[in-house]
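The next part holds the structures, each set out as structure tokens.
Both of the next two complexes hold chain A, though its partner changes from chain B to chain C.
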Partner chain A sequence: MNDVAVIGFASSDVSVTTSGVETLVPVFEAALAQAGLERRDVDFWCSGSSDYLAGRAFSFVNAVDAIGAVPPIAESHVEMDAAWALYEAYIKILAGEASTALVYGFGKGTAGELARVLALQLDPYTVAPLWPDAISVGALQARLGIDAGLFSERDMAAVAAARDDASSVETLLDRPYVAMPLREHDVARVADGASAVVLAAADRVGGRRAAWISGIGHRVDPQGFGERDLTAVPSATAAAADAGGLDGVQVTALHAPFTHQELLLRRALGLPDEVRNVAFGSNPMFSAGLSRIGAAAEEVMSGRASAAAAHATAGPLLQQNLVCVLRSES
Partner chain B sequence: MDTLSAPLTIAFDYTRSLGPVLGRFMAGLRDGRVLGGRTSDGRVHVPPLEYDPDTHEPVTELVEVSPAGTVLSWTWTDRPLEGQPLDRPFGWALIRLDGADTPLLHAVDAGTPDAMSTGMRVRIRWAAAPVGHIRDIECFEPQDPEAGAGVCGGGDGSAGAVVEIMTTPVRLHYRHSTSVEESGYLRGLAEGRIVGRRCPACRKVYVPPRVCPACGVATDEEVEVADRGTVTTFCVVNVPFAGQRLTPPYVVAQVLLDGADIPIPHLILGVPAADVRMGLRVAAVWRDRADWSTTPENIDHFEPSGEADAPYETFAEHL
Partner chain C sequence: MRRAAVLGTGQTHHRTRRTDVSMAGLCREAIDRALADAGVGWEQIDAVVLGKAPDLFEGVMMPELFLASALGAAGKPLLRVHTAGSVGGATANVATSLVRAGAHRRVLAVAFEKQSESNAMWALSIQPPFSAPITAGAGGYFAPHIRSYIKKTGAPGHVGALVAVKDRRNGALNPYAHLRQPEITLESVQASTMLWDPVRYDETCPSSDGACAVIIGDQQAAEASERQVAWIRATSMRTEPTFYAGKDHVNPRAGATAAAALWAAAGIKDPLDEVDVAELYVPFSWFEPMWLENVGFVGQGQGWKLVESGETALGGALPINPSGGVLCSNPIGASGLLRFAEAAMQVMGRAGEHQVAGASTALGHAYGGGSQFFSMWVVGRNP
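Coming up: the complex of A and B.
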């Protein structure tokens, strides 16, 4: 079986057009330059995006322009965060069907009314017809955590203050609620953006800088809001176990769209306080999770850590979770 | 250069088949009753599950629960969004109905956030004209503390005719943004010009301009192309459809404009459908100049130009 490593990563925090194609061209160039590969060296391309974000059917097909598909390429797409596209590419390399892959995610989160767009990923029979926005749904979870005594609004503000050194907890707590008990600092800013990760099998890594994937897992919880204790994240716990556990991990890159979710995830993953987290700033839809894998890989490739764990999520209540463990040795 | 953008609204009425469990649940709502599904562990789920999470068997036992319940968690929304249950500030809540073991999400018409609390008692306000839809629950309202426990039907869950289909309209609003290259193309159209861009690598000219799909690089040099060209391929539309603007049969063709390396789709009018052919030379028929704006609709259609047909070799590469 092939060992698989991340050998390149690049991201952008802009998207001029709704399609985002023009953003992808320089992101691909930067990721491939870091990997020391040419466009034609890529065996398999895999992307994550959403037609609902762009307001257009088959919007991801436009993005193939940025690859240059003459002669024909091998390509696939998931209607999910591109962290799940990376899972597909990883399996493709493990299976020996490709030696290299470029995984990319993109989206213009500000193109539409994101609060309403995201409501459509909820149960289409009993929930989506009410058009609940993601922030309100996240707020229900935060209150459950507070009422259960797991954390306080102050603890949530401390997460935000750690993300942004300029803020003090006291200042943040003086600010008004967006959706009680959430304040503006509790909600990751929705952003436009794109990112790309380059993967390679062991025999193609050569002397390149690499972060080896020692394990990866993804799980989903029941879709019904009432079908799970919302203060626990069993699918994140299970995904970490599937990834081989987090032993030796020195740094994490968690995908937590709300401050209270970072606290819930640290509990679910059993992370001790001494494990550092690469702060999560804005939330570029459909590339944020992939960028977390890129951020964890950079920690390893730079030598700042010998083992790092990345996490990606989908759903306003952390319903779906992916954990990827990266190490400096294969 | 400023890029052009425009509002875009998409709307679609999804019709969803309900199946035996949700069909009975929705029928119950239509009849003013809330039905929960009992799973093998004895728990009652509202909304009901279609399959038992432990045994994976279909859920068949539905039981009536109370229209009143308890708030387990809540938040407040000051600015309701389009489509939400109420158009004035309201609370979202997870509500466990009396007789159920799981909460459901809905809106509480409480007036102010001060009236909301964990543990508060609420009851259903039914919609005036129920149809068998989750929106038959208009919202919940705080229950008078004097009212005591909710009345639980405790029935066997039998109901009138099962609802088979529900309609869930989706209407979303966007601001669609174009690239610098696309904006140049649209501004050209407003002046009666058709402007493409050339790929710096393969030298092909794309109309409308786009990232070169063969080379994966941005196209740079602006190139004005002719408003006449060659039909490379075509189809005769015989099928009527919603929103159709012309009466079938009519022809939609790929037109390779002179100077371009990729055809554009457009209507071919002014000639019987049976006479349209590959290689037919056509010219753009523009709308009145007074009506032009930054849109390809400035060209109403194409019609035969009267020139001799183009030889196959001149467009074979573009098929």
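Coming up: the complex of A and C.
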């Protein structure tokens, strides 16, 4: 089996149009420069994005214009966060069908009313017709967690305060609710963004800086809000086990659209308090998970950690989860 | 490289409106048939790959999420592929890679489109800011490419109608086909309404509700199968932009490059001689001669001659679309997987009345977008 490593990462927090092209061109350039590869050295391209974020069908088609796919390229796309596109590319390399890959995700979250758009992810026959917005749905989960004694509003505020040094828990708790028990700081800021990660098989890594993927796992839970305990995240727990476990992990990059979800994830992943978490201020849909993998890889490539774990989530209430473990040694 | 094989296939009855089933029910109809055909139980499925075309066709964002339980994916890995019209083929190829990488023993690939849930024409006609308008309807987009093919090759005008007659009659042999027209004739096709010159009503694919499922297994799973499997000899995918200076919409480079890579990986030197049957993605009749040339079965300008000679009909040298093809059933997201599944059914000897006698090597082909996304596989009776 081929060993696979992350050798380049770049991201952007701007988005000009829903096609992603203007944002992606410089992101590709930066990621490839860090990887020390040319565009033509990439064997396989894979992306993640959503038509519903762009508000149009086939929205990923125009993004191909950012690649310069003449002559034609080997390419694929998932209608998911690009963390799952990275998994597809990782599989291609493991299968021996490619030696290098560039994975990208993009989305213009501010193009519409995200919380309302996400209602359309719910069961179209029984739930979506009620138009439950994503923040209200998130509040149901937070309430269940609080009532079960798993955490408090203060604990949630502490998560927010940890990513923003300017805020104290006390001042955050003085602010009004947006959907009780959630306050503004409990909800990740809607953002635009794009990111790209470059992967290489062991024989193409050479002397480059590399964060070796020791395992990736991903699972999905049933969506129905009554079909599972919403205060547990069994798919995240199983994904971490599939990824070979988190032994030795010193830092994590978690994708939690709500503060209470970061607390639920830490429990589901069994993370001790001393494990550091890379802070993210926003949730640029469809590149956020891939950016977590890129950030965890940066921790390893820079030498700040010898092992890091990245997490991505999709769907309502942490329905689908991916865990990627990166290490300094192959 | 590890081997992978199709263990079984299943599909729905394709219709304009399957109001008797939900999206979940539609997918399950195909999946249950595939599991039975493969002799595999739910508990033996390690992962699920779902493919479909734009979410706006059903009006649900990422429907695989609410379908997770119905797909048997709850608690398992679930991937959602979307590569435009080629997606059904891409879904099978991704599932194949999962097996070849050693990640899983048995993977369920399923693709569906329930176009009656929404309005496909509306979904395709949203005008995004700062973009050139997309002509409403695929026919209006592709008709100029067909006219260019006719002008370039001097193909006689009845070739498209010949393809339509052949595919609709083939579809009449396929119990799952949406359109089954055993009585269709060259004259009746040529008398049908002109939609986009030179494409007439009877030369156009329908809009269907339907699903298709394929179970892909590793060598151990294939050898454990009591029935004939379809060994996946090679897969291929290529992409190019919708428009660029020098783009050839009649003979797209991405299709030719994908096919060349496919034949090389499968060790096939003379496709016309070595392939027994092919399922090409033909949504408008004239794409049969165009794709015959593009994938390299015949040289440039020769595709229409093979069609006219009758060699692409059942009983000919290279039967094309014995299932009836996209011209008979077109649940868009599933259409590519239906091509791939029919190729597997042919080499497994399970194609019923549309079986090509002695088929041992078959091509499955799909394309999408502005003739820019291509996915293909070659399956064989032997590894």
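Please note the rule applied: the second predicted complex is superposed on the first by the 330 of 330 C-alpha atoms of A that agree within 3 Å, B and C clash if a C-alpha of one lies under 4 Å from a C-alpha of the other, contacts with A are read in each partner's own complex, and residues count from 1 in each chain.
Here, a residue touches a chain if its C-beta (ideal position, glycine included) is under 8 Å from a C-beta of that chain, and two chains touch if they have at least 3 such contacts.
Not measured: the values here are computed from a predicted model.
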Combined model on chain A where chain B meets chain C, clash or fit: clash
Between chain B (first) and chain C (second), which does A:17 come into contact with in this model arrangement: first, second, both, or neither? both
Figure out whether A:303 sits in contact with chain B (first) or chain C (second), or with both, or with neither. neither
According to the stated criteria, A:80 is in contact with first (chain B), second (chain C), both, or neither; which is it? second
Chain B versus chain C as contact partner of A:272, first or second or both or neither: neither
Once the structures are superposed on A, label A:70 by its partner contacts, choosing first (chain B), second (chain C), both or neither. both
Partner chain in contact with A:113 - chain B first, chain C second, else both or neither: first
Which partner does A:130 reach: the first (chain B), the second (chain C), both, or neither? first
Please indicate which partner A:207 is in contact with in the superposed arrangement: first for chain B, second for chain C, both, or neither. neither
Contacts for A:220 in the overlay, against chain B (first) and chain C (second): which applies, first, second, both or neither? second
Given the superposition on chain A, at which of 189-197, 261-269 or 279-287 does chain C overlap chain B? 189-197
Shared contact residues on chain A, chain B side and chain C side combined as an intersection? 17-18, 52, 54-56, 64-65, 69-70, 117, 120, 123-125, 127-128, 222, 224, 227
Under the touch definition given earlier, write down the residues of chain A that touch chain C in their complex. 1, 17-19, 45, 50-52, 54-62, 64-65, 69-80, 84, 87-88, 91-92, 94-97, 117-118, 120-125, 127-128, 217-224, 227, 234-235, 238, 242, 314-316, 319-320
Taking the touch rule as given, give the residues of chain B at its contact with chain A in the complex, in rising order. 3, 8, 10, 14, 16, 18, 22, 25, 45-47, 49, 53, 72-77, 81-85, 92-94, 96, 102-107, 113, 118, 133-135, 166, 168, 170, 172-180, 182, 210-218
Could you please specify the touching residues of chain A with respect to chain B in the complex? 16-18, 21-22, 25, 28, 39, 52, 54-56, 64-70, 108, 111-113, 115-117, 120, 123-133, 136-137, 139-141, 143-144, 147, 177, 179-182, 222, 224-227, 230
In the complex, the residues of chain C that touch chain A are 1-2, 22-23, 53-63, 65-66, 68-69, 73-84, 90, 94, 97-98, 100-103, 117, 123-124, 126, 128-131, 237-242, 244, 246, 253-254, 257-258, 369-370, 372-373
